[in-house]
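Both of the next two complexes hold chain A, though its partner changes from chain B to chain C.
The block that comes next holds the complex of A and B.
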């Protein structure tokens, strides 16, 4: 029983990352009709926002500390981060410690900016061109972004730890009288994902802006004829989708140290998730993200692996292929959309 | 000639000339000169040119002719490599059975994947092939370890049976791949003055196969079958409405291009008998997409040019480093020299992928026909200028 609960938790956790990326991906497909192969790169840029903030906060100056000496009797040089000097060692130190959560604030404007520039500068010109061209140009863009990151940050993974307070483990099962030891940050990640998903859904459901966007998704031309500047709203939605991917990346950094090819690694999976959920269906993407995450973590249980060796490596693809062949519009896709 | 019209024959002859005289053409600079680093006439690289050329020609039959964008073609390349290495392990070091088996295995594999993937078109097809490729990669990487030897990759060992050959040579080493005794690695060096030209047996085998593959692709392009594929590309729905079942045609195109990929994989293993899972990763499939688009999808010679272009730059361009740049710009004043090197630095050496990505994006945005279309545009522009210069009065205005 414990093991099963633990696998469900693991799955929800993996699923959170899938769901967040797939949500942005399907938001872009649903509004603009663009297949964005650069979405993984946006996830990666988000992760590197956290790295950047961590580096900025750690900028430090050197002072000579006369009270301490090294083994030759010379005074030691001590590095003090500027933040600690300004805010005092205690408060400054905790700011540095909380670099990853703080990076959320930093990443939102950056990601919206990146998304805005991307849509206005490149994707805008590809609405009328075939899907193959969209895939190709965004694939090229993904390579470029990946290489730029590699140029500035190097090819090695960069450690970005979670704040000390959230870095340990907790016993989740205490409430129901069981022992389920689980890393705190992963729980935080799950709730963060739920928060973002809930935020996006209520934004689309309860605001006028969201209503117009939904109307535009259903029938772009008519909404345009009503005198609403739907293009501008879609651009904003692209920015929001980029921000969702970026935030997923920021919060993911303590789980897996960011490296320059993490975007490409996640891209294939998130496409699979989108397709299983139904191209353009937001609830579908979220549902499929969590479902596939849970499925994957169950397949990686030893009991199942001993029955069917290697199943954990391919289960997602097998499911995706079966879904695509039997129900091309995906779990929650609209009837008639992309059912060719 | 060969059942081709005049234009195609001349193109085939040009390609034949380029491939057969590649050791000269790719080696234009004397060995000791400063420009010698731009020479690409050594066997390893020449082999890669033609092998990836074959791969790209095959991909072009599917994407350029039929319009199906597959992101999983590296899976067939990998399957071809694995089967060729197995042939070397079990039967013998002759390359012919290995290549034949790799084409057959890749063809069967493509039949299986194509049968499933071709039920969908458009982005769904791309994502299906992507999923299949990634699945094959994971299978090769971990699940099928007894066959693929997992992450280490499949290699020859001294214990392999090799029924039609020897397990180990007289001096106790692993035998090398050969064509009925002609070793693939044997290289004849010709020194003419300061130049050293290398003629490699393996390269010439690959080059001849490339010519055959190229000839076959011309025939496919010009055949009624090719016309049918073009029709599928321009409007599949209309084809279906006229009562024609397009599935067999697309499936045939898919299998043919898969067999080309398997042939490339088999040749790759024949030149260097090992196979690894990383050949099947989806980014490797992306590479052949880059080649085909960059050269010109849907044109005959485009994919070969694209493959040559990318492989040349990958191997030669990436060797340019800051020191070389400094020597190039040494004629400038100091500050400007440093500035020029600083500006170019991200795009050279290890950063050449960035250049490739930017170039690829520019081609997709502005030049959908790739390098071939670029060449045609320049040619058209030049000839228009020439005709304007020589004779402006004969220009006729069409009646509205």
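The block that comes next holds the complex of A and C.
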């Protein structure tokens, strides 16, 4: 029983990342009609916002310690972060320790900016082109962004730990008299995802801006004829979608150390999530994200793998095939999308 | 120095080469067609460095490439000479190889067998490389080794740790300086026994490809010989990034040791996940839960950060070794690049020097002459003490290091500490050991 609950928790965690990326993808597809294969790269850029802030906070000055030597036998150069020099070792150290949560503040403007530049600089020229062209150009962009990150940050994973206070484990089963030890940060990540998803839905549901965007998603031409600059709103939505992917990346860094190809690792799965959830359906993307995350976790269990070897690697695709065969519009997709 | 070995096999082989030479007298004439693949005719000789320049092992590949460039510089008489000064063989004089200036071309393996074969093929056919070296994955190394055998060039393996490279997939034209899974197990087992006792239950998570399989087999056999039991062996996809689904079952498995047969990004993520799930703080069967990473590298340790503290594993070489050769290499590499070399850099630098030295001693670039010069060659001064290139399988035998993640690192390079230098005799095995059975070394192929 403990093992099953643990896998459900794991699934919710994986599903949180899938759902957040798929949510952004769906926002872009629903508003601009663009299939954005660079969305995984936005997730990666978000993660590297955390890396960048961590490096900024660790910027140091050097002093020479004559009593020690470096690996070549020269006097050792000791690095002291400016933050620790300015704010004292304790408070300065705490600021560095909280680099990942602080990176959220850093990532929001960066990601909105990246999204804006990407949309205005490249993607707007492909609105009226076939989806295949959009996929090719955005996939190419993803590779370029990936290589740029590799050039500046290298190919190895970079440690970006959670703050010490959130780095341990907690017993989630204590309330029901069970022993379910689970990492604190993963719980934080799940609630963060729920918060973001809730925030996006509330924004679209309860604000005038969101209402106009939803109307534009339903009938862009009519909204335009009413004198509303729907294109500008959609551009802003692209920026918001980029920010969602970026924030998902920022908060994911303590779970798995960021590396330059992490976006590609998530991209294909997230597209499957979008298709299973229903192209253009925001609730569908979130539901499918969590659902497939849980299924993937269960498929990794030894008991399941011993029955069907290799199922952990194909489960998501098997489910996608079944869904598309039986319900081409996806779980919550509109009729007409992906089916005649 | 190479010792004369007048075995029947060697005499027959030498006779065969000599016989082939007599039968094909045009080989010895200046106007003849090439006697072997890519026979250098001008004032230069080209080596092919085939390393991962993209993909998850790109940082290892970058370090390999630095070492190759340093080796070429030293072979051509530049720099401080590095380990050429400490190498027991004195055939190399800093005037290239056989008087020809060394040039090189590079290829990107992408850590994919097909891409690695394609780039090696291109370097052989288009660039005229007479020797291919590099790699950062056993799958890649085995694929390229097979290609080099077919093409008739020498393959000096880079980073490859699978038993199969010099086991069932061994080839006469291929040579491995790096150690292997069996040797890791043989080195680690006594240390694990002293640290954790003989009554332990291990759970293996293993990368699902040739390297993972043979390492898992080797470590399980070595630990079971101590009295440990193995509760489970779980294969994980090479492309996996989040290992939480595989770590969670460990918690309730009854295991008190987790063995991570993972490398590179896989190891960084699986170890991070294991630590996140509190495995290191657990007490199971009345014992502290332990994690073992059988194959360590400094670059991986850097990725895993504080998670490696106190965790044991094995490594081929480490920059803190105090022998003359290692110190010379660290000084040379560190002065040029500003940081110490990794084990990947060390093994590829050694392979380049060993190839060049073999050509000098053989007096020819002909692969069969090089094979002859390397088989049974014993040398010293390249780190790890006296080393033997065994004739039967082309595997190097030397001391193996057991290392531990350092608790209080003094610098960003000071991540691992050597806890044991396991003597060569302790990690040696018979050429027909069951873990290395199958396949044939065959005979050298000179190509054209």
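The rule is short, and it goes like this: the second predicted complex is superposed on the first by the 323 of 340 C-alpha atoms of A that agree within 3 Å, B and C clash if a C-alpha of one lies under 4 Å from a C-alpha of the other, contacts with A are read in each partner's own complex, and residues count from 1 in each chain.
The rule is short, and it goes like this: contacts are C-beta pairs under 8 Å (C-beta built on N, C-alpha and C of every residue); 3 or more make two chains touch, one makes a residue touch a chain.
It should be emphasised that the depicted structure is a prediction, and the values quoted were computed from it without experimental measurement.
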item: Joint occupancy of chain A by chain B and chain C, clash or fit; value: clash
item: Which of chain B and chain C A:268 touches, first, second, both or neither; value: first
item: Partner chain(s) touched by A:313 [first = chain B, second = chain C, both, neither]; value: both
item: Touched partner set for A:3, first chain B, second chain C, both or neither; value: second
item: Touched partner set for A:137, first chain B, second chain C, both or neither; value: first
item: Which of chain B and chain C A:256 touches, first, second, both or neither; value: second
item: First (chain B), second (chain C), both or neither touched by A:301; value: second
item: Which superposed partner A:168 touches (first chain B, second chain C, both, neither); value: second
item: Footprint overlap on chain A, comparing chain B with chain C; value: 147, 313
item: Residue ranges of chain C touching chain A (in the complex, touch as defined); value: 54-59, 62, 232, 234, 237, 239, 241-242, 244-246, 248-249, 251-252, 265, 268-269, 272-273, 276-278, 281, 299-300, 302-306, 319, 330-331, 334-335, 339-340, 410-411, 413-414
item: Contacting residues of chain A [partner chain B, same complex]; value: 35, 122, 125, 131-133, 135-137, 139-141, 143-144, 146-148, 151, 264, 268, 271-272, 275, 279, 309-310, 313-314, 317-318, 320-321, 324-325, 328, 338, 340
item: Residues of chain A touching chain C in the complex; value: 2-3, 6-7, 10, 13-14, 68, 70-72, 76, 147, 150, 154-159, 161, 168-169, 181-183, 185-186, 255-257, 259, 261-262, 265, 296-297, 300-302, 305, 312-313
item: Chain A-touching residues of chain B, taken from the complex the two chains share; value: 67, 69, 116, 119-124, 126-128, 130-132, 134-135, 138-139, 141-144, 282-283, 286, 289, 293, 346, 351, 353-354, 356-358, 360-361, 364-365, 368
